[in-house]
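In the two assemblies presented below, chain A is common to both, partnered first by chain B and then by chain C.
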Partner chain A sequence: MATDTVVSTVPVPGPTRPRGRGGVPARAPRRRTLTAYLFLAPFLVLFLTFVVTPAVFGLWISLTDWSPFRDIQHFIGLQNYIDLFTPGSTTSGDFWRSMAATGIFTLASVPFLVVVPLLIAVLLNNRIRAATAFRTIFFAPYVLGVAVVGLIWGYILDTQSGILNHVLSLVGLPGEIPWLVDVPWVWVSLVGVTVWWTMGLNTVIFLAGLKGINADLYEAAALDGAGAVRSFFSVTLPGLRPVMLFITTTTVLASANMFGQSYLLTAGGPGNATRTAIMYIADQGLSQNNMAPASAMSYLLFAFLAIISIVNFRVQRERAESVTT
Partner chain B sequence: MSTVPVLARRRPAARRVTATTALYAVLIVLALIIVLPLLWTLLTSFKTDADAVRNPYSFPSPVSLDAYQTLASGQQPILLWLWNSFAAASVQTVLILVTASMGAYALARLDFAGKKIIFGVIISTLLVPPVVFLIPNYLIVQNLGWLDTILAITVPGAAGAFGIFFLRQFFVGLPVEIEEAARIDGAGDFRIFLQVVLPLARPALATLAVLSFLNNWNDFLWPVYVLLSPENMTLQPGLAMLQGAYRTHFGIVMAGAVIASVPVLVLFAIAQRQIVDSVAGAAVKG
Partner chain C sequence: MKKAVSRGLALGLALAVGVGMAGCAGSGSKGGDAVSGGGSYDGPKVEINFWNGWTGGAAPVLVPKMIDKFNAEHKNIVVKDVPQEWGDIAAKMPLAIKAGKGPDVAVLHGDDLATYAAQNLLLKADDIVKNLGYAADDFPPGVFDKGNYKDAQYAVPWSVTPLGLYVNKDVMAKGGVSDIPTDQASYLAALDKLKAAGVPGEWVDGYVFTGTFEFESLVWQFGGDLYNKDVTEATFNSDAGVKALTWMTDLVKKGYSPANVAQDGNIKALLAGKTAFNWNGVWQTTNSAFQGLNWTAAPVPQIGSQKAVWSSSTHWVFPANKGQDKNKTQAAAVFVKWMNDNSADWASTGELPAANTVRNDPSLVQKYPDLESFIGELDYAHYETVSPGINEANALITTALNEALTGKKSPKQALDDAKAKADQILKQNQSKYGD
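The block that comes next holds the complex of A and B.
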């Protein structure tokens, strides 16, 4: 009808039509770019200043001969990285020794940090009294800072006056074990203290994963005559696969970033044997003012961790596929 | 349904009792391994030096407050560190709650140009190990004149992606109808955020607050390097100094450990469920 056409062509200054702030007409009713950036602005200022900028800035430093005592820094390309791969250069030997220490700690700690919490979670997942109380106790050390953990265990593990050697000699075992001053005991101590401190975290994650496994599967396994051990391997472990991927990835990263335990318990000793990569990078970059090589090291460590994470992800996914097909 | 009886299956009653006993025995031994060092720390902190050396396992006799008195009056200003830790953890927590809740709301609810890129960049930084930021952030903080101040240990750490990621998940799960009803009533974006969304998000905000507080309270590497003078230290680097200063005084060092632990253990006791559920839930859902 003619009247309808006339009405619809008249531009209606409708009160319901949303207009963007500052007089900019909103194109679509739900597209509000200006408002969104106002909401994001406080976070983005922080994020750009202390995450994006340092990520780029650190890469730049690693490509220069940065010195805090000079005003002008020179671009030297990949020289810092090349030096790290050149045997006999000032930093390469110490750096790779620290990477080896990180590697030893990661290889030694991750199996315990995965298996012990897994077994505890399976135990706690039974119908038992005080399951919540046990869970709380196992998790409690994780809320303590590494400095507290270092103080407590520093005294327990001291060779002469430590309570552990004291207890060992009381029960007739050798009571002069150099827990914090000699290899391989330093590794036993660092791994043990780390398990004591953080096992509660993986335990509660495994527990949450176990709750998600369908109870019917256990019934079916039991009807097939599977015992506790068989149903653990044929029901529990496959059911935990996604959780397992998460836990192995985060635990490897956490162990590879170890710093406080070595710093406080062994001071990197004996003879730098337990000086981890993070410890060496922080020392070179912040105490020795060797910022350019230290930045290169941090990016190299990042690359290593990224590769390990990707490999871990691929391997576990392939295993998942080979089981389901 | 959620609890799966692995051990308590159809078995002879006697075997089941044995299995249950063994189960409790293992759990109790493990719990003792966790608790005994903490208990020993607490007991030692109430001993005199002589008592601590002579009777390492017994209850303190006499019960002594010497260690705490030495700490309160000593050259190491531990009460100042306690206050600094409280101040830093609180300031950073507030900073995270404000910036992350606003940013997360935009990412969860508003449609805008560049949204996918911004969210992608934020999330991808979750995977970068913190050591990459250590040296450049030190230089940035130094240039801002923030070294050895509370700003150094509160502001850079608030820029992490975890808070915004955590709250966005929560906001996405909220029913959008309530916000739409408020919009029809004429409320603007900011009023909807303040008066509708934030009250609904109270549980998630509380969880994030507890996690942020714990995280800042326990941070070690960064404060060790950016805090320089004893009076500006927080408890974590302070305790490391304490260990050097009182190497042979068991009681004093253990009292320091107790002072640093009690606040977080109390916080854990109060917010135990939120802490455990959030760390476990993030893994299982993600």
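The block that comes next holds the complex of A and C.
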């Protein structure tokens, strides 16, 4: 979606559109289509090998009692899925607790991951001095690996010897806050670290979207007497709709797939309160060799995310359409 | 249109995968065959692959040197060193062995041995061990048996890594404590003095490194055990277990430890001069952060009714590759014996060589004086439980510890809940790995 906005400023080759739509299959477009497929082929091969094949294989595994060490795998139908919905089975309690943890993290992080980058992007979009430098600064954390992020914040957020608590106690605030050890602080830390780490990406995408909004609109709004706030809500936000749809969708998916932060910073603690679904699935599938239940869990998570994405699309698209008509 | 295509693709792939699996099903490897080895190898020249997880510390320099020396001394054996992350070994080795592409010899952690053995991924090494002249009393008590699964020996010990008491002597002196505590009374006295001086003496954490190791040491000290003898039931919620965990939560409650210590918070505090004692593994002796610190290591104090301490171990194994060349396994056995005989410098990696002759040689302690107290602990060290898939149950111990230390549950409640779940896991493991 965002790419659409960005690309739309580039003039689209004129003749293809009307002719293609009209259904007159001229020779040139067909050759062009062939060329396009040729260029897409390498990616398609990678996509098939590393995304589609494992996904289908995973679906099969989830229907068996798969063990990587046994020679013969038995087809057991939906048993792995039924177990997940049977209270008291080895997987169900832990799995739904991890889903709840994922849900909490997603609900808590997505608003910040959308609003904060949006505000920063709007600020950076004003012709301020050293805008490029600021853009780089905001984007910089995004290039770090999660291991580095975990290490840095582990030092900052340590209960007793962390920098943050030290600073807090210097200014007279409680300096014994268990940022990485106890609820609700662990959630504050995980959301905060994630916002710091990944907001740069959303900021840059929002910036690209902002550049795509026609400056005339702001001028017209100003002539009509709109202030900064009014033109933000009446020009900027509607202009960003497609970008917003893209960002909310990818951000929800990214947050729902959170793994590294809680793995490194809280080890899933306290107890298993911050063990996310991906963390539990990875542990079950890769560490404990329970690949079949783990695959079933992945597919349930996938189903959840698919539904959320579709709802998100529907809601935002309808709103966008009602605005344009 | 797009949907139809992807559906078609999915179906095709599903079929392809199904066919591939059916193909696999026919050709299983027959692991677990008995193979004889010997103290020497005079067969044709062979190249053997050696997988290990030694990617950090002193090992990446030391091991290639040892192997070069071995290769120079043995004209008909070429050992190829294949170091990789432990995680990669866990992910790749089982499948590699099944496919006949695994190593001829490898080093594994003690708590993984049974998991591998149960799946016929390892050769029974009874004859190799016999021919090499090894017996249980060539190693610290209890280690050799960790390579035993269902009455067969699968492994030769290589190293042991017990927990010890790390002491920041400057902090201890600040509290007016002159002698390193050795039992419950002297430990509590020291903690009291430190507390009076405003120093929490031991920081208790609820994570694997090293709260879990401390808890397990205490369970054994109070006369309990983690599991019953045939590992069908968790017993870490016994009286001993509850005493052990209560001891740890009490340290926090009585102000000897701060609450909510984060992961590695305690070793950091020891290094920063904020605490006097830390129960940690022998591997910390190579931590360069100790340079310039006035520190020492001692045996862990005896808090319970008997002496006991947690230790981990690593072992040599001979993988049962599909179509394993017996000559290669025999050459690998020669390599194992040679490595153990020449393992004195393994101490430089922060692990204790398992071979008694090497470890008890006075020159070792002379060269590595920090290791002396750890070596002394081996008479009463306990090693990890031998049972396939045991790590999944062990993880619940850490959860219980964490819940109790963050005040989510009482020690008894946390351990009872973990036991209930662990029993389920053990049962599941029996069907997962059973015959």
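One rule holds in what follows: the second predicted complex is superposed on the first by the 273 of 325 C-alpha atoms of A that agree within 3 Å, B and C clash if a C-alpha of one lies under 4 Å from a C-alpha of the other, contacts with A are read in each partner's own complex, and residues count from 1 in each chain.
As a convention for this text, a contact is a pair of C-beta atoms (placed from the backbone, for glycine too) under 8 Å apart; a residue touches a chain by one contact, two chains touch by 3 or more.
Here the structure is a predicted model, which means the values were calculated and not measured.
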Inset, instruction - Specify the outcome, clash or fit, for chain B and chain C once both structures are aligned onto chain A. - result: clash
Inset, instruction - Could you say whether A:N289 touches chain B, chain C, both of them, or neither, answering first, second, both or neither? - result: second
Legend entry - Partner touching more residues of chain A, whether chain B or chain C: B
Legend entry - Partner chain in contact with A:L253 - chain B first, chain C second, else both or neither: first
Inset, instruction - Please work out whether A:P178 is in contact with chain B alone, chain C alone, both, or neither, and reply first, second, both or neither. - result: second
Inset, instruction - Determine, under the contact definition given at the top, whether A:A303 touches first (chain B), second (chain C), both, or neither. - result: neither
Legend entry - First (chain B), second (chain C), both or neither touched by A:N272: second
Inset, instruction - Go through the superposed model and pick first if A:Q73 touches only chain B, second if only chain C, both, or neither. - result: second
Inset, instruction - Would you sort A:V311 into first (chain B), second (chain C), both or neither based on which partner it touches? - result: neither
Inset, instruction - Report for A:I152: first if it touches chain B alone, second if chain C alone, otherwise both or neither. - result: first
Inset, instruction - Could you look at A:I82 and tell me whether it touches chain B, chain C, both or neither (first, second, both, neither)? - result: neither
Inset, instruction - Can you tell which stretch of chain C bumps into chain B once we superpose, 78-86, 168-176, 204-212 or 384-392? - result: 78-86
Inset, instruction - Could you give the residue numbers on chain A that contact chain B in one complex and chain C in the other? - result: 52-53, 57, 68, 154, 161, 286-287
Legend entry - Complex interface listing, chain C residues touching chain A: 6, 9-10, 13-14, 17-18, 21, 24-25, 27-28, 90-91, 94-95, 98, 115, 119-121, 203, 206-208, 258-265, 268-269, 272, 274, 389, 391-392, 395, 399, 402-403, 406-408, 421, 424-425, 428, 432
Legend entry - Contact footprint of chain C on chain A as seen in their complex: 48, 52-53, 56-57, 59-60, 67-73, 90, 154, 157-162, 176, 178-182, 267, 269-272, 283, 286-290
Inset, instruction - Under the touch definition given earlier, write down the residues of chain A that touch chain B in their complex. - result: 28, 30-33, 35-37, 39-40, 42-44, 46-47, 49-55, 57-58, 61, 68, 120, 122-128, 134-141, 143-148, 150-156, 161, 163, 166, 196, 201, 204-205, 207-213, 215, 218, 222, 228, 231-232, 242-243, 246-247, 250, 253, 256-257, 259-260, 263-264, 277-278, 281-282, 285-287, 291, 294-295, 298-299, 301-302, 305-306, 309
Inset, instruction - Note which residues of chain B are touching chain A in the complex, please. - result: 1-10, 20, 23-24, 26-27, 30-31, 33-35, 37-38, 40-41, 44, 53, 56-57, 95, 98-100, 102-103, 105-107, 110-115, 118, 121-122, 125, 127-140, 155-156, 158-161, 164, 189, 193, 214, 217-221, 224-225, 235-237, 239-240, 242-243, 250, 253-254, 256-257, 260-261, 264-265, 267-268, 272, 275-277, 279-281, 283-284, 286
